[in-house]
Every structure is written in structure tokens, then in C-alpha cells.
Amino acid sequence: MRRYFGRKLFIYALTFFLAATIDWMIPRFMPGDPVQNMLSRAALHAEAAEVMHGYYTRAFGLDVPVWQQYINFWIALFHGDLGTSVYLFPQPVLQIIMRAVPYDIFLLLPAILLSWLAGNKFGAFAARSKWLDNTISPLGYILTATPYMWLGILLAWFFGIVLGIFPIAGAYSFTMRPHLSWAFVGNLLKHWFLPFASLFLVKFGGWAIGMRNMIIYELEADYSHYLEALGAPRKLVRQYAYRNAILPQITGLGLDLGVVVAGALVTEVVFSYPGIGYLILAAIQNQDYFLIQGCFLFIIIGVLLANFIIDIVYVIVDPRTRTGMQGETV
Amino acid sequence: MLSLDGVSKVYQVGTFGGKELHAVSDVSFDVTDGAVVSLIGESGSGKSTIGKMILRLISISAGTILSDGVDISTLQGRALKEYYRNVQGVFQDPFSSYNPIFKADRVFKTIREEFFPQVPGSEWNNRVEGALQVVGLNPAHVLDKFPHQLSGGQLQRFLIARALLLDVRFLVADEIISMLDASTRIDVLNLLADLKSRGLSVLFITHDLSLGYYISERSVILYRGCVMEMGRTEKIYDRPLHPYTQMLMASVPRLDRKWEEAANVMKGQQSDLISGCVYYARCPVAARNGMCSRGRPALVEVEDDHFVACFHAGIGTMATARSSER
Amino acid sequence: MTEPKKKNEFLYFALRNNKLRIGLTVVFFFLVLTFVGPQFTDYTPYAYVNPMGAQPPSSEHWFGTTMFGQDVFTQFVFGLQATFLVGIVGGGLGTLIGVVVGFVAGYRGGIVDEILSTITNIVLVIPTLAILLIIAAYLEVRGVFTESIFIGCTAWPWTARAVRAQTFSLRSREFVDLARLSGMNTWKIIFQEVAPNMMSYLLLVFILQFGGAILNAATLDFIGLGPMEGISLGMMMQYAVLWGALHLGHWWWFVPPGAAIMAIVGALYVTNVGLDEVFNPKLREM
Amino acid sequence: MSLQVENLKVYYQTLGGDVKALDGATFSVADGEIMGLAGESGCGKTTLGHSLIRLTPPMRFIEGRVTLDGKELPVWDMEEMNVFRFKKISIIPQYAMNAMNPTRKIGKMTAELLESRRVNAQATWPELKRRLDLVELSHDVLNMYPIELSGGMKQRMVMVLSTLLDPSLLIADEITSALDVSSQKAVVEMLVEFRNQRCCNSVIVITHDISILYQIADSIMIMYAGQLAEKAPTETIIHAPRHPYTQLLISSLPEIGVKHDEKRLSGIPGRPPLLLDPPAGCRFRERCPVAFDACLEPPPFTEVASDHFVACWKEA
């Protein structure tokens, strides 16, 4: 078990190291001069441009050797220094991102967990009979093939514009100030619902399909046949199959995080929801490279952390990893 | 002539090779030309590993395998290909030995492509038909068919024919009839025995002691990668000296006599004794605090062409004598 | 038990599999539309053809017009081209890299496998979009083709994993040992013995990669990191949202592109399941 | 009579039509009898074993009657058979190594299974422990996951589990084929011990290894191409078989003491017929050295001597 975690941690550390290195490398080794590009494209006042140019030359440290630049980058990183934003000058990137992160957690965590739970239940339900399978499975395939932003757009248009029952922009009304009251929380939830729903529905389809396939496989496994041969009622056979089918779904949750993150980004864009995704769009439109890089690092850290949590959960629920016989190739 | 000298195979287990698994430890024996030698052992005895090392399918960790005096681990490229002209293998699962999406006779085409590109088509076809007849197959019935259209016995003969197309002098037959049905397996076994008259040597790997007796002059009994007993087949079977061999003999289901009410042989788990006899944990005659747990017994020639690796070979002899009296 | 001849058997099941029939019909419909569609329109995607601005579908403009009076149908059929191109190039490249990495790792084993698997695991946990994003953001010129390349270069890890596992199990089959005993070299064995056995599987993998590439491209295009020239379905949605089609109720602008992506990708998934049932006797319904 | 099977037909549905895997079997197993069921692969022995307890697609029940202790078994009905399974009829499957749920502790799984069959697990526990002792398994296995057990231990655990409710009939399906000779012997001897201790009443041992049956079985039934060829007490089958197939089969078995250059054995030429469309008449006809005109008609499975049944025109 220690070996299992050791290996996982090694992979994650290496991943972070490489991701950060790519993050550092790309602006330096891409064709063109990023500083010049950025300054020429960003609409800045003349004096701001002057300040910025000096700042970026120092920030990119183009006067020192490449290896020195690289080491400086890591030192800055460990001090939490991700640079200063261009489009929200002079706010530090870290501060801007930290402001956005709670919204991401608020949106993503329920969407991921609830879709996983509901999808699994529904998928197992679909495997009960041919009739259910033939109605639920196609729905699952359609949902999982839907682009996140399109579902978001449709929901926003239908519930926001046509029916007018949900707001379709922002995390709360412009007229409100964040404070702790029922009115504000209600407002927050109302803004939250549609982005959540579009993320939830697409993922729900994927999990339902995955579970349906896994449980059919488990129902054909030897241990299921043995239970049947000993006259165990269908309920028990299914219950066992479900418990075992859920294990690969947990692993799948980790592998799927990257996709969910992508989905969250575009969903936030559709609903102008002030998370990292929305921030990235703004950063791209304003050529704010420091902000883009900062967001990138944050996404990586988030995904790695989530993966590690999933690894721990997996060890808890699957006895086979604990006995040390398996788990190397989760 | 093929000879193994102190051959070992060690696997590094775990991600960074933290543990060692000794699949084969210090095995030495010879297979003379035109001889059939049985390699007998339970699963995990390393018998297939030895076969694969001879076929160069896996590397040798220590020791040497000499083929006519040449160390086979040095063979590369063309020399290795020449080696395969003389040394071939047939494996346990006939269906897994064929690529399921191609016709079965593709194995002959491969041989031609790799070894006899210059032989003209008609002559090659004659050679194939000749080889098929040697193994007792009617070419018209078996050529141009997919593997699933042929029986296990036919497929195994096919592979023997494949080896005959080459200049094969040494055949590793790894459990080749264990997956065949009773009514056809004996014919394949007879075929193997007949090949001997063509000067072929066979290493017959099996877990079935009666098959080993039927076909081989010499036998090697393996347990967990070590040779327990070896020598002339009759000597070993008539007078097994190692407690392990005795246990095997007593466990074989026979049609001429029923099992004796022996003590349960399953007792004792395999343990990883660093030094000492590998059979220590299961051995009924081992001295529990003596040399059996400290040193590994060497293979000793107790009579002409009969080797045993046991400190208590003498006690073992008495035990057999007693049981045969009953 | 007896089996009918292999090829007929596949065909027999393929023709009787509803999932396969439905899936392929939908995919072919859009594929045909991609090639035939431009014949039905006299415009270019960005031409301002309707001075009235945004108008709902009519006999003149089948899918209506955008806020700027561009013909949505024209944009749609040209966007489909970009979609299929991304699918083929991006999905193809993802499959190719994954297959090569998987083959080599699975067949060679040992330290090669160890290194390749570690790389695979690393690329696997990095969110694809994040890496695409940072690359795309710095690229000065972006076209559909470069976009496809980058999508392919980041989408391969799961394929590599799956192919590795398959190769691993095939490698231990005895016919591979026999091929080695016939003096065949490694590459010959991989391509002549191992790969042909996985063709059906690779087809399934490619279909999934194809669908994945389309979805990835749509996402990139939607946040404005798509091609700088030309049109794609994702870009149509981006423009629609950007120019307030939502608030103004111009549903004809944003419904077709998303619906097409959903239909194509969904049909691909369903085709995949159908093919799996055809190839895998265990899943066949009696 | 514990088990009586009359004209049982179970076919396999395939694309090309019904494979007549079990085509009319009539036999009985007496109280306390260990009956060996032997034959080559594809002869229908496994189909027969499975159709008695768990008849699932692609297997299809055609006709026949199965009675156990005087009660008819509804073998064609998956649900109704549940009443009999485990309590009256049980199986040690071929896949014993994978038969237990990998993610449940063995004891917990056993308890849940018992409770689901409305058997008080607590009351059964002392007996369970006694039987673990019988197969020399530590009681600790109940607190372990299957993966923590070795192959042999799993096999013994499944053996205990399958017979826990003292079924009247136990089917042991190829339980020795994956084992080494030493473990083989231990496992089948335990099986006999179970029968002797009345943990099960009658046993059908399905195997391709006739020499194992000789060691433990009271009677042996030989199948060929989906039909019964011969059934007789063990000694008779081994030493005085009357069906030509049985005779050839037994004489082809190598034994310690038989060497190829001293006594050359021979197999049976030819292959069993395809069961998709089996030939009319005796199915062994094409390979039979003594076949004659009468063999064009299917031979009846008749009692030629006391407890000795043969399906051959030469003997009828």
C-alpha cells in the first residue's frame, strides 16, 4: 500500500514538475517575442506600457541565462508569485485566481459528485431489463455526446430567456453585495442552478453508460454465476455486482477530471460565471499571459489534488489494494 | 547434444525490482542426441521456464546452456536464426499457438519466408505434404483451413510438421498434449516417440507422471526451480528416493491400484526459506532443526544414473520399502 | 461448437445490429451533407448576404441569417467540414500515437514499458484542455490543421493504456513465441502477428478518438482559441453567444451547430457500441 | 433413488441453429452414490451438470424430467429453481478460484448468502467452523478476502460453502483439472469425506480424467457426442467395459509402468461428429471398429447387466 501511494505521489510530483516546466517554456520558446506581442496587442496607456515593458523584461528575466530564468521561476513559484495581471493591473495573479476558485468549487464539486452518484444509480437501474436498457442507454449516449456549452446555451435560452425563470449571467445579481442572508444565498443558488444543471446532465449521461456496461460485465462474472447457482435472490446478486462495478467508476472519476474541467470552463463562459474558466476567457481576450499561465497551474494543481483524494478513497473501498496484491495498475 | 550447466532464472519482482523470485535455481542436465528427457514438476516448478530459456524466448540469469558446445546466450541475428533451424518448440495450447485470424498453414509460409526463400513453390509444397504425412495428417484435409476448423490434435501435429520442415534436431515439447482429449493425445505422444528414430532429441515437459514414463528414457523431477531427483526413468519411478518424488508417485491416480490412505499431502505451506532445502516446509522426513533448514542438499549420484538432492535419501528409501510391503 | 465462416459472421451481425445501422446512417448523413452542402449555397460563410440582419429560417436562407446577415446554413456546412477534418486528423493522430506507444510498451515490456507508462500516466492526468489552451494562446497563427495536430498530441494516453493492455495479453499468446522461433524480428511480429488481431479494437478506438477530437475542438473554438480563419461549428456558437443571440432569441444561430456535434458524436458512440457487439461474440444478442 | 433424469434434452442456441449438446439422457443416481461423469470435451457432460442447477441462455431446455428425492425439479425455470438450489442441489463450479466475491470478506459473504436464503447464519456458524476444520482451513479465513487465500484454499472454501446446507445432490464440475497431482488427491479425498460425513448425499463428479474417478467414484457414466454411452459400477467400467468407445478410451490411457517401446497404446481415429446436425443412428458409428448395419438406428441405453447400462447394438 505504501508502495502504491509512493508510486502515485511520484507520478503526481513529476506531472506537476513537467506541467510547470511547460508553463515556463512555452512563452520563451514559442515563435515571436511574447513581451512585445503582449504589449503591442494590449490596449494600454502610454505610461502604463512603459512601466509594463520594464516590468516584463525583469519578470521574464530575459537578461539572465536561460537556466537562471528557470530557477528564478521556481523560486517565485514557491513564494506564490505568479506575476501581475495585465488586464487587471496591478493586481497579482494569485489574488485574482484565489477570488475565482471558490466559485469553481461551488460549481464543480456538486456537479461532479451528484452526477456520479445519480449516473451510477441510473446505469445500474438500466441494466435491469431490456426495456429500460433500450430507453435509458440512448438517452445516456445523447447526453454524453452533447457539447457542454451547447447544453448551457440551450438551458440559458430556454429557462432564462423564453421562460425567464432563471438568471443567465454572473454568480449573483449586480444589485447585490455579497453578504450572509437568505436573500443573497437564494440569489446565489438561482444563478448557480443552470450552469450546474448543464454540467450535471452531460456527465450524468457518461456515468450512466459506464455503469450500465460495468454492471452487465459484473453480472456475467463467475462470482455472480456462483451466487445464482446457490439460489441467491436477484437482489443480492445485483447488490454485489453494483458494489464491484462502482470501483472502476471511481478510477474513471479521476481520469475524467480533465474533461470536466474543460466542460466547466466553457460553461462558465456561457453563463459569465466568475470562476477560473471565465477568467481564462478574459485573459485570452486581453492577451494576459501571466493570468493564463496562473490559471493553467491552478487547474493542474486542482486536478492532481483531486486525483490523489480519489486514490485514497479507492484504497479505502477496494480491499484488493490493501492486501497489497494489486493496485499497481489502477 | 544440449547441456544445461547451473542454469538459473531470477525475476525482479515489484516496481523497482525490490524482490527476487527464483524461478529456476542452478539446474544442470544433458539431453543427448536422439534421447527423450522428461521434465516433470507441478505448476511453479520452473519446468516451462527452462524450456523457454532453451528456446531463447527468455534470457538466462546465470549458468550456461550449450548446444553442441556453443553458448546459446551469445547467439544473435543470423546465428540465432540458424539455431532455430535446429531447435524448435511446440506449446501447450494448440489454439493459442495459431494466430486466429489467419489460416493454420500460415505457419508453414512463415517458415518458408524466413528460412527457405529460394526453394521453388512446387518443391516447397512437396516438402509440406511430406512433413504432414510424417505426422499422420492428410494434406487435403488440413491445408487451407482456419485453426478453429481443426482439432487440437491436428493442430499440434501441424506444429510438429512445421518443426520437421526445418532441420530440427531438438524439440522442446511443453505440455503439448495436456489440452488434448484422451482419445487423441496418445497418438501425438506416439508420434513424438517415433521422431526419436529420426535422430531427434525431445525435451518433454509435463506434469503428468504417467506420460513421462511412457515416452522418456530419462526424467528430471523439479520442485520450485530446483532439481530434486533425476536419472533413468525406470530407476526413478521404481525406486523414488526423494520424499517429493515419493509424494508425487503416491498422488498419481492410477487405474491398476487405488490410493493408499496416506497422510494428507497438502499439509504445510510453501515458505520462503532463504537457505535450506526448498522442500523443507512440506517434507515429512526433514530434520526440523537440523541441516535441512540450513543447507541446500546437493544433487548426489546414489546409483548409476540416479541423482537425488536430499540429505535423507536413505530414510526415503526405507519409507518406500515399507510402503511397498503393505 | 461450430462456427460459420468468420467474415460472413461479422457481416451477418453487422447488418442486423440496430445500433450500428442507426449510428452509421446519421454519420453518413452528415458526411454527405459536408460534401454536397456547399452545392446548395451560393454564399461564403462570412459574406453579408442579408441586409435585414438576423432573420429566422426561410426558403431563401434555410437556417436563417446571423445578426450581420450571414447565411447560417453556409456557415453550418463549411463548419461541418472543419469538424470532420478535426475528427479525422486529430482523432487519427491520437489513435496513431496511442497505438504506437501502447504497442511498444506492451510488447517490449521491462524498462521501456516502465518509462512509456510513466509518460502516459503523466499526460493522462494533465487536463487536455489546459494544455491545449496554453499552447493555443501563444500560437500566432492557428488553423484547423494545427488545431487537430495539437488535439491529437494530447488525446492519446487512454488509447496507449488500452492498447498496451491488449498487446500485453496478445504477447503472451503462444503464436507470438512461435513467430520468434521462426526468426521473425520484433517489428515484423508487431505488424504481422499482433496488430492484425487488434484491427477491430483499433477501429473502435479510432471512433472514440474521432468523437473526442470533435468535442475538444468545439471547446477550443468556443473560447476563441480556434482557427483564425475559416469557420467551425464551435466558432458559430462562440459568435452567437458573443453577439447576444441568446438574449435576442436568435435560436437558429446556435441550435444547428451544437445539434450537429451532438448528433455526430452521439452517432459515433452508438456505432461504437454496435460494432463492439458485432466483434465481441459475448455481447451479441441472441 | 436420489436423482432421476428422464430423457433430458438441452440444446445450445447458436447462429447456425441448435447445437444438440445434451440429446436425451436417462439415468439415475442412488442415495450416497458418487457418480463419475466422464467424456471428451464437447460431449455434453458439463451441459448436463449445469442444466441440473442453473440452466441459462444460450442453453435451452427442450424436454425431459428431472426428479430429486421424489420431487420434480423445474430446471427450465430460473426463478422456481431457487427453492431447490443450495438446499437440495448444489454445485462446486469449475471456476472455484473466482467463485467468491472479491470485495467481500468470506464470512460476511457467507452470512449474507445464508440470510438471503432465509437460513439463520448464526445458527449455522458452528457447523461452518466444524467443516472448515474438516478441510483443514483456519477459521480466520472467514475474516479474509478471497484474494488472501491460495488457490487450493479457495477451492476448499468453495467446497465447504457449497455443501453447507447438506444438499441431497452435489455436482462437482471439473474441480481437479487446474490442480497439481498432490492437490488433486487432497481435494477429491475431501469430497469423499464430505459424502461419508453426510455433508451431501449423492455426488456427480464431472471430469475428463477417468483415473481420478477410478479412485473415488462408485459408478462411472461415459458420455459421447451429447448422449450417454455407458454407465456401470466403477470396477466394471474400468476392467470390463462393454461399449466400444469406453473400451477404446480406457485402453488409450497411459499408465506408470507402460512404455511406448514395450506396449504401444493407440488412440481412437477420427473426431466426434458436429452436434449442430449430428448423424442419425449411433453417433460413434463412424469411429467404431465394430459398427454394422444396425448402427444406422440410434441404439437404446439399456440395462445389459445389473446396474450396467450400455447404448450399443452389439450389446443390446
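Note that the chains are named A, B, C and D in the order they appear, and that numbering of residues resets to 1 at the start of each chain.
As a working rule, a residue touches a chain if its C-beta (ideal position, glycine included) is under 8 Å from a C-beta of that chain, and two chains touch if they have at least 3 such contacts.
Keep in mind it's a predicted model, so treat the numbers as computed, not measured.
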Which pair wins on C-beta contacts, B-C or B-D?
B-D
Identifier of the chain whose CA centre is least distant from the whole-structure CA centre:
C
Which chain is most remote from chain D in terms of Cα centres?
A
Centroid distance [mean C-alpha coordinates] between chain C and chain B, Å
50
Chain A and chain B: spacing of chain centres that average the CA atoms, whole Å:
55
With centres defined as the mean C-alpha position, give me the chain B-chain D separation in Å.
31
Distance between chain centroids, defined by C-alpha means - chain C, chain D (Å)
51
Each of the following residues of chain B touches two or more other chains, namely 15
Pull out every residue in chain A that's touching 2 or more other chains.
none
In their complex, what parts of chain B are in touch with chain D?
42-43, 151, 181-187, 189-190, 193, 207-211, 213-215, 237, 247-256, 258-259, 264-267, 269
Going by the contact rule at the top, pick out the chain B residues touching chain C in the complex.
15, 52, 55, 57, 80-81, 84, 88-89, 91-93, 96-102, 107, 110-111, 114-115, 146, 148, 159
Chain A partner contacts - residues on chain C that touch it in the complex:
118, 121-122, 124-131, 133-135, 137-140, 158, 211, 215-216, 218-219, 222-225, 234, 237, 240-241, 246-247, 249, 251, 254-255, 257-259, 261-266, 268-270, 273, 282
Seen from chain D, its contact residues with chain B in the complex are 40-41, 136, 150, 152, 180-186, 189, 208-212, 214-215, 238, 248-250, 252-261, 264-268, 271
Interfacial residue positions of chain D with respect to chain A in the complex
53-54, 56, 78, 81-87, 90-91, 93, 95, 98-105, 112-113, 116-117, 145, 147-148, 158, 161-162
